[in-house]
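Inspection log for the structure reproduced underneath, given as structure tokens.
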Amino acid sequence: MIRLVLREPLPVPLEAEVLSPDVMATLAHDAIRALPVFLGKHRRRVDDCFRVEGEKSDEVTIEGDASRVKWIGRGMSRGRLTIAGNAGMHLGAYMSGGAIEVSGDTGDWLGAEMSGGLIRVRGNAGGQVGAAYRGSPKGMTDGTIVIDGTAGLEVGMRMKRGTIAVGGQVRDFAGLQMLGGTIVLRAGAELRTGAWMMRGTIVSLEPIPMLPTFAPAAEYNPTFMRLVARHLSRLGHRVPAAEAEGAYLRYTGDAAVPGKGEILVWRPR
Amino acid sequence: MGGKVTCTLGEVKNRADFIVYWGGNPAECHPRHFTKYTLTQKGRFVPNGRKGRTMVLVDIRETPSARAADIFLQVRPGRDFEVATTLRALVKGQRVDEATVAETGLTLAQLQDLVDRMKGARFGVIFFGMGLSMTRGKHMNSGAILTLTAELNAFTKFVCMPMRGHGNVTGADVVLRWTTGYPFGIDLSRGYSRFNPGEFSTVDLLVRGDNDAALILGADPGATMPQPGIEHLARIPTIVLDPKVTHTSRLARVHVTTAATGISAGGTAYRMDEIPLPLRPALVSPYPTDEEVIRRIREAVARKPAWVPEPGGLLEPVARPV
Amino acid sequence: MSLTRRGVHIVDTFAEAFGMRAARVVITAATPEWARTAALATTGFATSVIGCKVEAGIEAELSPEQTPDGRPGIQTLFFAFDAEGLATRLVERVGQTVLTCATTACFDGLPDASERVVVGGQVRHFGDRYQASKVVDGRRYWRIPVMEGEFLVEESFGVQKGIGGGNFLILGATQAAALEAAEAAVDVMRPVPGVVLPFPGGIVRSGSKVGARRYKNMIASTNDVYCPTLRGRPGVESLVPEGANCVYEVVVNGLDRASIATALRAGIDAACRPGVVEISAGNYGGKLGKHHFRLHDLLA
Amino acid sequence: MLRITGGTIYDPANGVDGVVRDVCIAAGKVVADVEGGRTIDATGTIVLPGGVDVHTHVAGGALNFARGLMPEKQRVARKFLRTADRRGGLGGLTPTTFATGYLYAGMGWTTVNEAAVPVLSAKHTHEELRDTPIVDKSCLLLLANNEILLDLLEAGEVERARDVVGWLLWAAKVYGVKAVNPGGVAAWKWGKNASVMHEPVEGYEKLTPAMIVSGLARLVDELGLPHPMHLHCNNLGNPGNVATTIETMQALEGRRAHLAHLQFHAYGGENWSTMRSGAAEIVEAFERHPNLTADAGAVLFGDAVTVTADGPWQHMLHQLTGHKWGNLDVENETGCGIVPYVYRDRHVVNAVQWAVGLELLLLTKDPWRMFLTTDHPNGGGFWRYPEIIQLLMDAEFRRAQVRRLPEAAQSRIVLGEIDREYSVYEVAIITAAGPARALGLTRKGHLGVGADADVAIYPSKPDADGRLFTYPRYVVKGGEIVVEEGEIRQVVDGREYVVRPAFDAAIEEYLRPVFQKLYTISFDNYAVEPERVRDAEIRDLPEPS
């Protein structure tokens, strides 16, 4: 296992895309310590900012308040990245495999444009979770992001496939211009959920404000929700699906596009 | 996807028979807009001027601009996105939920009427102001207007234009695009330009306290920023170039008084439609121009050991050009 | 050397079975009854590839904990000569008997199989472009809007090697005694995992031989050497011994040799009871099928 | 002073075809001989005149609009890190101005012609060209939809029209005239187009696209512009537009013209499902019109951004592809549209387009009349020229590519049957000597004594990808070594070529009131101030003939 402990609070953001199993798995201790990171506009060595233990492993642990460390786990495809504390923006962006576990909070662009793997956040996440970067045609194309706490704006913006589950409330524009995949909002959302969505599913366990361009269809218990529920329960998020507990009211939209998406709002018995 | 469908103001003057102002108060904030470009001007294909044009104002309150409008649509604060999205659906003949529409403060009938008029227009234009782009929904509100405009072109000629704020915002936007490839929210710390509004835009940097110095030109963030941002400006070395004392200059470490561009300093300004206009100073100023101050700062910096960005990260593989 | 069990003579011969392609289809529904209704319909008229192009049967009942969607379910097995054949039959049968059946959903029972055939991906066309695909945990499903709500079917199903035609013959003194023995055999064979008994009640009264003596275009015809009523008829080399007056065949298909052997062993043992004269097995001289089950080895 | 010794020289303008000899340079010019100074050992290399791009879009309102419209493309673009003596930049399809200079020079091109400038935003274009280092620049003024001019042509006031054109050219500080979709962009101001040559333009009684084409070509000739009218024909990109293009050739009645990005105007068939290559027909007609030159506007598979003054076409493309759409109509003068695009080799229409560009270059016998361009960034980035050259020089490689196209496409093209292979000499013609001659830039595109010392020195053997011309050993611009081993060594400034036509100054009295009626800025702010153009080389033209 490789252990990195942040030496002291950072005065300005640190860009550290090298903090990923793909980069470190084959490196000896000294090579890891010498990896380049960027503190503001200056290039530094990893060991200028972190105390480094271990070598040659795809199990990487980062300790300390890394809320100003950007791009951790960028494009990672393997292994396990554990963050004991907070992480900064772009955590797991472009990742294609492996698992990231965060005990604290994360910044914006968590798992942006990821294509596979699992991200698990115990605290809160920022905005643009699993989203497309500005101008890009699509956001995450596969994989799973599970957030126990809240999340910010534009969760799952332009996502194509994969699953995002959020335990706390999310802010505006969840599922903005969504192209596919599944977003589960266990504590609902603020405004404009599903705005301009083409395809895909947004599930809310709490009532949410609807855009005028969404039309109610029917109340039912779609079988696939039982699969989603089973998938998420293994990740510690309970989602109801059984008739005994209630049913989902299906809205279709967004008619502004016009889109074939759906928002499923849970109606307990 | 939408995009941006726009034109220079002369096109509006010569052709527009349907003019929408959304989230702005041109009568007071852009006093010459009506007379010079849009409303009362006689245009080549609008020989009767005002009589040949229909004006709609969409805003949250009845400003003096409403008096100039043929139709005033009062939308509830923060519901512009809902209205624009509804219009997008109506333009395509899609059904919308009447009751939810009503929550915007406008009725379905009003919006359907607006859509019919838009489609009936020969040349339509939407000017959207900061009442739209700076309220809840921000860039998505603008995005809604841009997309609506693009989609209207399947039926008739339609364009739109943002009404920006103080200072030559458009000019900065234009120059940054050709020098860095991006209009704003740009970071150069890795030796080349990167763009990410929300990460690199000024207000977000200041509120998060990500920057350890600030040079401020032609703007007064101290008057408009959220409190944490203002506190950060006061905390770090902040330098302000401005002809007058501003909220920002008061909290800055250094305030360089400069000549007022356009009055006592020349240069080029870009109009809201990105047309460059030469500025010819009418007065002489005892103060240096912004340009001169910046040049002298650069010369002073150049005498210090140069910082040259170092490659080595994985962020942006410098491969064969794509 | 001769082998008897509880006084029943075990003929020293072998059952001849064939290599096939197999798929496992899991059908779930709101209640066990509806799951079984769909399963019976979908595995109906699937006794022999000769006439039905596919052989199928119910493998097991599944508790909600055992099914992908946590509802009661039935696990079925399908057998055909090749993957393409299997695909065609599954599309037909899932489309006609599961899609149509109240509350059901349809899942692949061999998710780890590398060889796959597209089923949901075909059935989806019933959705007339209103269908939607959904990937959950790496598996792709189709949601097809139907009057009841939504039918969920998996995009593709795993296919693996299987064996069809494992069998043995029960030669009894009376019809009643023979059938009793056969029923006893079926009861112990059905619970064996990985096997199904495709014939009605698991039992065949009309064992067959390859081709026909007189009708040239018949693929199969009655197994005259085991027809008691033809004993002594000129030209018939009857294999029905003295004292036997009725013969039943029990046929079993399975995913592998072991599961079929287990089923046959249990079945033969259960069939060795009073009133049964002899246990034998059907084969074609070993020329046609590559899987041989010697009765003596099974009981050894 | 500089001596390039031992290299094999290809200088078509002077008939030099692969001769080993020295090139001597002094004071930025090629001279007969020099004493002392640095010597470049060019043994084992091929030496060509610096490349000249006759048609590209690298500066001005439209391109800058495109930059802002697609950050996702800049994000993956090539990065130029700032160094102590070089500014940073982004490459890609809409490079920043500095990167544009680095990319052209880095490939051995030293002169570029920006093909679309409105008068109203010409100041902006010149600001950008000022920030485009190393290469020399010229630019062309968009006139075929200028309503003041169209009104005069409608009224048949040719004399006055000529003075107006002269005045506008000098006001904009440009080098020549560009005509884009004559009448069609004006019609687009009403959401219409003009795709039939002999039907009146929307909003006019008599004036047809054909009349604009011939009228403007005549004015250009009478004003004696060094570069003929630079024409983007009507009906761009549509199946069957071969007919329109040939009608246009006829409408010119023998006058000089340069047909831009001909590939986009050489399609047969009736609709998208029957669309096929019309290159053979076009070339046949083209060769019957010696008054014409053209550039290929070839497309390469991969990313592109369509940037053109052809507004109606762009709206069509937006609806066809669903990609984002930028449109900017410029009052009384022109418009511009932007749509990002990807050319896919599995897509039959794209495959045909790819073939048409190459067919035009291979079927046209005289390389002095058909030049290499991609209509950057419309057909692909200019920095991919070496890929096209490889396709032209290697018939076997070319056939291999053709065989990979969809059957349906192969049956609609003739590329597979063409055996011609370009020589280095011919490459030097279509990339330098020819374009320079067509532009009337007498000191460009050759290495004779008195020529500008713009020299590209390449390895004589292809690189790992089988390409020559990707990484020059050296590039010399105006006598300075700017590139060494494919790396930018020194950043110099380039000059701008500007013409000052002779016109009756009194035309201002006519223009001022008309202008004030039509425009929204002061007439006195309309013209580009001379000091705004860096290192302008102004050519005064004689009295109109």
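Odds and ends about this structure:
Just so it is clear, A, B, C and D label the chains in written order, and each chain counts residues from 1 on its own.
Here is the rule we go by: a contact is a pair of C-beta atoms (placed from the backbone, for glycine too) under 8 Å apart; a residue touches a chain by one contact, two chains touch by 3 or more.
All values reported here derive from a predicted model rather than from experimental measurement.
Think of each touching pair as a link: the shortest run of links from chain C to chain D has 2 of them.
When the interfaces A-B and B-D are ranked by how many C-beta pairs touch across them, B-D comes first. Taking the mean of each chain's C-alpha atoms, the chain closest to the overall C-alpha centroid is A. With centres set at the average Cα position, the gap from chain B to chain D is 33 Å.
Between the CA-based centres of chain A and chain C the separation comes to 47 Å, rounded to the whole angstrom. Centroids built from CA atoms put chain C at 73 Å from chain B. None of the residues of chain C touches two or more other chains.
Contacts with at least two other chains are made by residues 133-134, 137 of chain A. The residues of chain B that reach two or more other chains are 1, 188, 190, 195, 309, listed in rising order.
Pairwise chain contacts in this structure: A-B, A-C, A-D, B-D. If you check the complex, the residues on chain A that touch chain B are 11-13, 15, 17-18, 23, 36-38, 40-41, 43, 68, 71, 74-75, 89, 108-109, 127-128, 133-134, 137, 172-173, 176, 191-192, 195-196, 210-215, 254-258. Across the complex, chain A is touched by residues 1, 81-82, 85-86, 88-89, 92, 94-98, 100-101, 103-104, 136-137, 140, 188-190, 195-199, 210-212, 307, 309-310, 312-315 of chain B. The touching residues of chain D, counted against chain B in their complex, run 59, 61, 64-65, 67-69, 71, 74-84, 87-92, 94-98, 103, 120-121, 123-124, 127-128, 131, 147, 189-191, 302-303, 315, 318-319, 322-332, 335, 338-339, 381, 383, 517-521, 525, 529. Residues 28, 30, 68-71, 105, 132, 134-137, 141, 143, 149-150, 152 of chain C touch chain A in their complex. Residues 1-11, 13-15, 36-37, 44, 122-123, 150, 153-154, 156-157, 159, 173-175, 177-183, 188, 190-195, 268, 270-271, 274-278, 306, 308-309, 311, 316, 318-322 of chain B touch chain D in their complex.
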